[in-house]
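Both complexes shown next keep subunit A, but they swap its partner, so subunit B is in the first and subunit C is in the second.
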Partner chain A sequence: MSDLVLSQPAPLAISRGNSKTGLRIVQTVCIFIIALVMISPLFMLLIASLKDDRFRILADMGSFRAFWVNDPTLSNYREIANFSGELAYGRYLFNSLVILVVTVVSGLIINSMAGFVLAWGSLRGKAILLALVVALYVIPQESIIMPLVVMMSRAGLTDTFAVQILPWVASPLYVFLFYQFFAQLPKELYEAAEMDGASIFRIYRSIYMPLSLPALATVSILMGIESWNQYLWPTLVTQTDYARPIAVAIATFFGQDSIYWDRAMAASVLMMIPVLILYLAFQRWFVSSFVGSAVKG
Partner chain B sequence: MTLQQTSAPAIPRSGRRHDRQRFWQEVAMIAPAVLLLATFLITPFLLSFWTAMTNQPLVPRPTPVRFVGLLNFQRVFTDPLFWTSLWNVTRFTVWVLPVQCGLAFLTALLLHQKLPMRNLLRGMFFLPAITSMVVVCVIWGTLFQYPSGPLNQIVGFLSAGAIQPIDWLGDPNWAMFSIVLLSAWQAYGFQMIIYLAGLQGIPEELYDAARIDGASALRRFWHVTMPGLRPTHVFVLVITTIQAFKLYTQVAILTQGGPKESTETVVHYMVRAGFEEQKLGYASAVSVILFVIVLLIALLQRKLLRRFDV
Partner chain C sequence: MTAQLGNRLLRTLLATAALLGAAGMAEAKTVVHVMHQGDPGWVKAYGDVAKRFEEANPDIDVEMIYAPHDAYNEKFSAAVMAKQLPDVMELDAPFLANYVWSGYLQPIKPLVDQDLLDDMTSSNISQGTYPIDKDLYAIGLTDSSVVLYGNKKYLEAIGARIPKSVDDAWTREEFEGYLEKLSKLEGVKWPIDTFRGYGIKTEWITYAYGPLLESAGCDLIDRKTWTASGTLDSEACVKALTMMQTWVKNGWVVPTSSGTNQFYAEGQPAALAMGGHWFYAEAAAAMKDDIVVMPLPKIGERGVSPNGTWIWGISATSENPEAAGKYLSFLLKDKEYREYAKTQSAYPGLKSFAAESPLYAEGGPLAVAFEQASKTAVARPPHPAYPTITSAFMQAVDKIFNGGDAQEALTAAAKKIDQDIEDNAGYPPFDEQH
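Our next item is the complex of A and B:
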């Protein structure tokens, strides 16, 4: 369904009459230039991470040399890609990846099952549950964090992977997104399967899940970015290297008297790679209309 | 459901067993989410109201925790620093809204055309949004270098040296504005996606009709695109406002609320009270206030949307 939407020529908002290809090319080139300017800071980051001398990085920044490196080297990456010691960014990256994968996979299963029951189940009180989910969506993470830290430390979960995963697996937003997605699929689909004697779990797993790639992709991207970028929560619940995620580790560069920009930049590039892969893998199904219609509710 | 009703009288026993089985299956499917939400969202949420009315410290002490009523709230509301932080996030919101939403709207308009490599372009514009705020701080930390960082070079070049180098993060007059710049750059991608969705939702027939009526491109934009995007505008403004009020990470990393408390924010104030001063009850009071603010903004959204008949 999503592929259909994307492959169709987009309806035009402002200009449609420009059928002249010359104008179209100029237009495209202009948009490309704007896009390049927008992401130029990221390009600078990549280039700087390949430079050896941290003082030269800063000196180069103000000129066009920020976009060019004569003798690219991976020495910054080699310095930080350890699994123990002071610069154990290999380990932090691995920690973050574990947290991301477990959160997203379990989140997809748990939230989609709940969304499915809310959409097609026959539980009494379903409407109340749905209203509750919508109401819970309003509560910001920041305003539950104080008691949550105390709860977690009393449960002895400080400095674990579990403490960084469990609280964020189930989310009202994603339950609701799945509910909305399932509810808009045709009713006949469900009734036909039920007539054949399939149980609700079978219907969910064998019929609806294969149809929900756009929803799964969108929630994967949103949840993945959210988990990957968590900062406040892990600073509060991690104290040692054991489960420290890469975001918290990179932030420690700023606590030093003289910032090692070269290492910070190499670590930053490392941190960008996994989400970039996640986005590239799922962007085909990352249908903007799905996000849009879901959040309007 | 119709199936059950018709088949129930014919084979009552198996039908009932089927119903029971189905009931438990549904419960099993919804239980994980319900249990997790109850434990990790509802419980701490309710606890925060209780904790806010006690003098509970972060680390348990031998002295018993006392119920202090609304004392914490009274203290919060009489602390000038709290009002400074509230004023700062308001200032931040007022600045970041036009920059971030404007950027999102313009880029969405650019992308919503018949373009070659549209997905690539969309991905490029979305790139900052998938960049972690910590990484954004590393990048902009170098861009903001004083006195000869890239931004100062650009400003100096454009003004032919007339404008002196700006201490972006160190000058109380500039610090919040600098935070606005990097925040808008990092976050506009999501709003862009929502605007793209809104643009896709406007029926093409409306444009055709307008074209037949001889409306110019500008008039079509003003009389078809803009009214069609009204609910999207409301939604984007509201989520951006809520996001802005929760400002924390970039401030915690780059300025720690300084210089001269010019970038102190409500969440940063709360975290400091809770974890540096270890006053959990007090910090919980701030978190309750934050929730009320967010709730008010969300209610405003519903009201506005209803007015637009969506």
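Our next item is the complex of A and C:
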């Protein structure tokens, strides 16, 4: 009887162990399937970009042949990697990079300054201002786009880099994100620096900014992706090759009667690379910032 | 030393003044702004024409403004709002009435060469004509049509009759009979691809399905009274769309989710394809001699086919209409532009271009498509409410194809169209045409 009692926990432990292993297998399989679903369109894009027959690409879509290439070629990339001419995708990529870098760098400075003043500045009606900033966030970009086109056109900015940067540098979302981040940092930091005679700009630049890497990373990625994926706005305000970004340029492959899948795929792969690098470079801080804000609520 | 510096400064100032003067003279050149859409091939073709035009006309500069095909209307609206309409612009033919009514275009007869006007096919004239003043507001090198493509081996397997001209197009009974036979044929997954995959964001449904309905005695709107209620929701329209809904319900039509390549994809799962003239190039490349081109079937008493494509107009606000007309004439006559258009199996809108296009000439593979232009082509309703007409109709067809009640969907669409016309006080003087 006692043997029986003593031996009872063992099968239970085994069954718990088995169920844990089983659960892990199920989890792994599920993660693998989800990863496959997420990655397969990107893989298909890459494979299609290595095929040089647009009709073949279309014919292969919908079958497993979309994930396989018999004679890989870089001809699509060679055709579009120009800095002048009708397929100046190198130029368009460069244009997009310029717009992205200037938008993100100036956006980080302006939004963080605004967020800092709202958090710690001695500004009258701060609460109302903050409420207004949040209220602005709910207005969709599309609803103000036409008046904005008219404004920019009257300012003589049509078909410039500036017109693609200026309207989107200050954003209620990023001001609020910075505000929230700065407001969570200890008040003592501000008070100690103030007692030492530091100006508000010095406190912002030398104390709060170095502590804000996660917020900076988050805003950089969000702003970068937003700037990179802009399509409607640059379509409306660009006219020539001069400042045309790659997102608009890719649309040229989708014509009235025909779609150049081969070159469109290669251009899409090129378009993905910088934003992927941006994400990989900042993703550690990006994730930690999101986790942090979730915990702190 | 001071004098030297002074001289240098004076020289610099003089040089700057001279440069500014030269710049001013350069600015004095006439600039023609041209807004267009198109894939990289067309963009290059237009760019090359502009260069040749500038060489031939040193006093005129051409500035090309590109707008992606799918965002052309948005770009156009932005240009209207910013009061920056280009001198020359490409426009989709069915939108012409709306643009003319809104005052965006001016008549082009006095501006383009007479020999070009004389060279236009009747279908090309109809796509560029405003119905109120019967004046011509746009011209194009090309036009368009939709035909029925067939897989020869499947059609032979069911013993189908292959029409050789528009006059012996399949009747509804024949067409539905063949669809049924094809649905039972081994290797055929879908008897027909009607290109539902193009979705409802393009013009496809109105452009391609409209003629089938018109052939059945239906129309999108009454073209005399300009009211949709009583026409679009009439018994003829309900019956015609219920017929098409039955094809979908029977599993005869390639679904939206299967894309636009099932006619020639591996295994050739679709036996027929109701496709545009442009589809020929891609289908023939994959199918070689297995492809046959037939006229659209006659669903009712008469055959009807679509027409209309992207054509060129001159804006009413153009400061240089003569220069714009000169450019347009140059473009349409440009040999290299025509050569490029031929490589794209472009559908001729000018008689001289038709004569140069073996694809559409008698005995050519797309001869039937060109024959449709003179025998069965019907333009989409030339009315300023067209943007609402097409949007309401496409949504109704989408609902019906997804199992909705045809009468209900068409009545809702008709009401929406009439409401738009009423909201715009009948788009005078269209309301006086009754």
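For this structure, a couple of remarks:
Keep in mind that, in the parts below, the second predicted complex is superposed on the first by the 259 of 297 C-alpha atoms of A that agree within 3 Å, B and C clash if a C-alpha of one lies under 4 Å from a C-alpha of the other, contacts with A are read in each partner's own complex, and residues count from 1 in each chain.
Following the convention adopted for this analysis, contacts are C-beta pairs under 8 Å (C-beta built on N, C-alpha and C of every residue); 3 or more make two chains touch, one makes a residue touch a chain.
In this text the structure is predicted, and so the values were computed from the model without any measurement.
Superposition of the two structures on subunit A shows subunit C clashing with subunit B.
With both structures placed on the common chain, the touch criterion links A:A251 to subunit B and to subunit C. Annotation for subunit A, partner touching more residues between subunit B and subunit C: B. Of the two partner chains placed around the shared chain by superposition, subunit B is the only one that A:M271 touches, whereas subunit C remains out of contact. Touch criterion met: A:N111 reaches subunit B, while subunit C stays clear of it. In the superposed model, A:A48 lies in contact with subunit B only, and not with subunit C.
Of the two partner chains placed by superposition, subunit B and subunit C are both touched by A:L232.
Residue contacts after overlaying the shared chain place A:G121 against subunit B, while subunit C stays out of touching range.
By the touch criterion defined above, A:S63 lies against subunit B and subunit C together after alignment on the C-alpha atoms of chain A.
Once the two complexes are laid over each other on the shared chain, residue contacts for A:M146 go to subunit B and to subunit C alike. When the two structures are aligned on the shared chain, A:L189 is found in touch with neither subunit B nor subunit C.
Clashing C-alpha atoms between subunit C and subunit B turn up only in stretch 73-81, chosen from 73-81, 127-135, 325-333 or 361-369, once the structures are aligned on chain A. Subunit A residues in contact with subunit B (one complex) as well as with subunit C (other complex) are 58, 61-63, 146, 149-150, 231-232, 236, 248, 251, 253-254, 259. Of all residues in subunit B, only 1-3, 21-23, 25-30, 32-34, 36-37, 40-45, 47-48, 51, 58, 107, 109-119, 121-135, 137-143, 145, 148-150, 152-153, 185, 193-194, 196-202, 204, 207, 211, 217, 220-221, 225, 231-232, 235, 239, 242, 246, 248-249, 252-254, 267, 270-271, 274-275, 280, 283-284, 287-288, 290-291, 294-295, 298, 305, 310 touch subunit A in the complex they form. Residues of subunit A that touch subunit C in their complex: 55, 58-63, 65, 85-87, 146, 149-150, 153-154, 158, 231-232, 235-237, 239-240, 244, 248, 251-260, 263.
Partner subunit B is touched in their complex by these residues of subunit A: 5-6, 9-17, 24, 27-28, 31-32, 34-36, 38-39, 41-42, 44-45, 48, 57-58, 61-63, 66, 110-111, 113-114, 116-118, 121-123, 129, 133, 136, 138-140, 142-151, 166-170, 172, 175, 191, 194-195, 199-201, 204, 225, 228-229, 231-232, 236, 247-248, 250-251, 253-254, 259, 261, 264-265, 268, 271-272, 275-276, 278-280, 283-284, 286, 288-293, 295-296. Contact residues on subunit C toward subunit A in their complex (touch as defined above): 37-44, 47, 63-71, 74-75, 77-78, 81-84, 258-261, 264-266, 276, 278, 281-282, 285-286, 309-310, 344.
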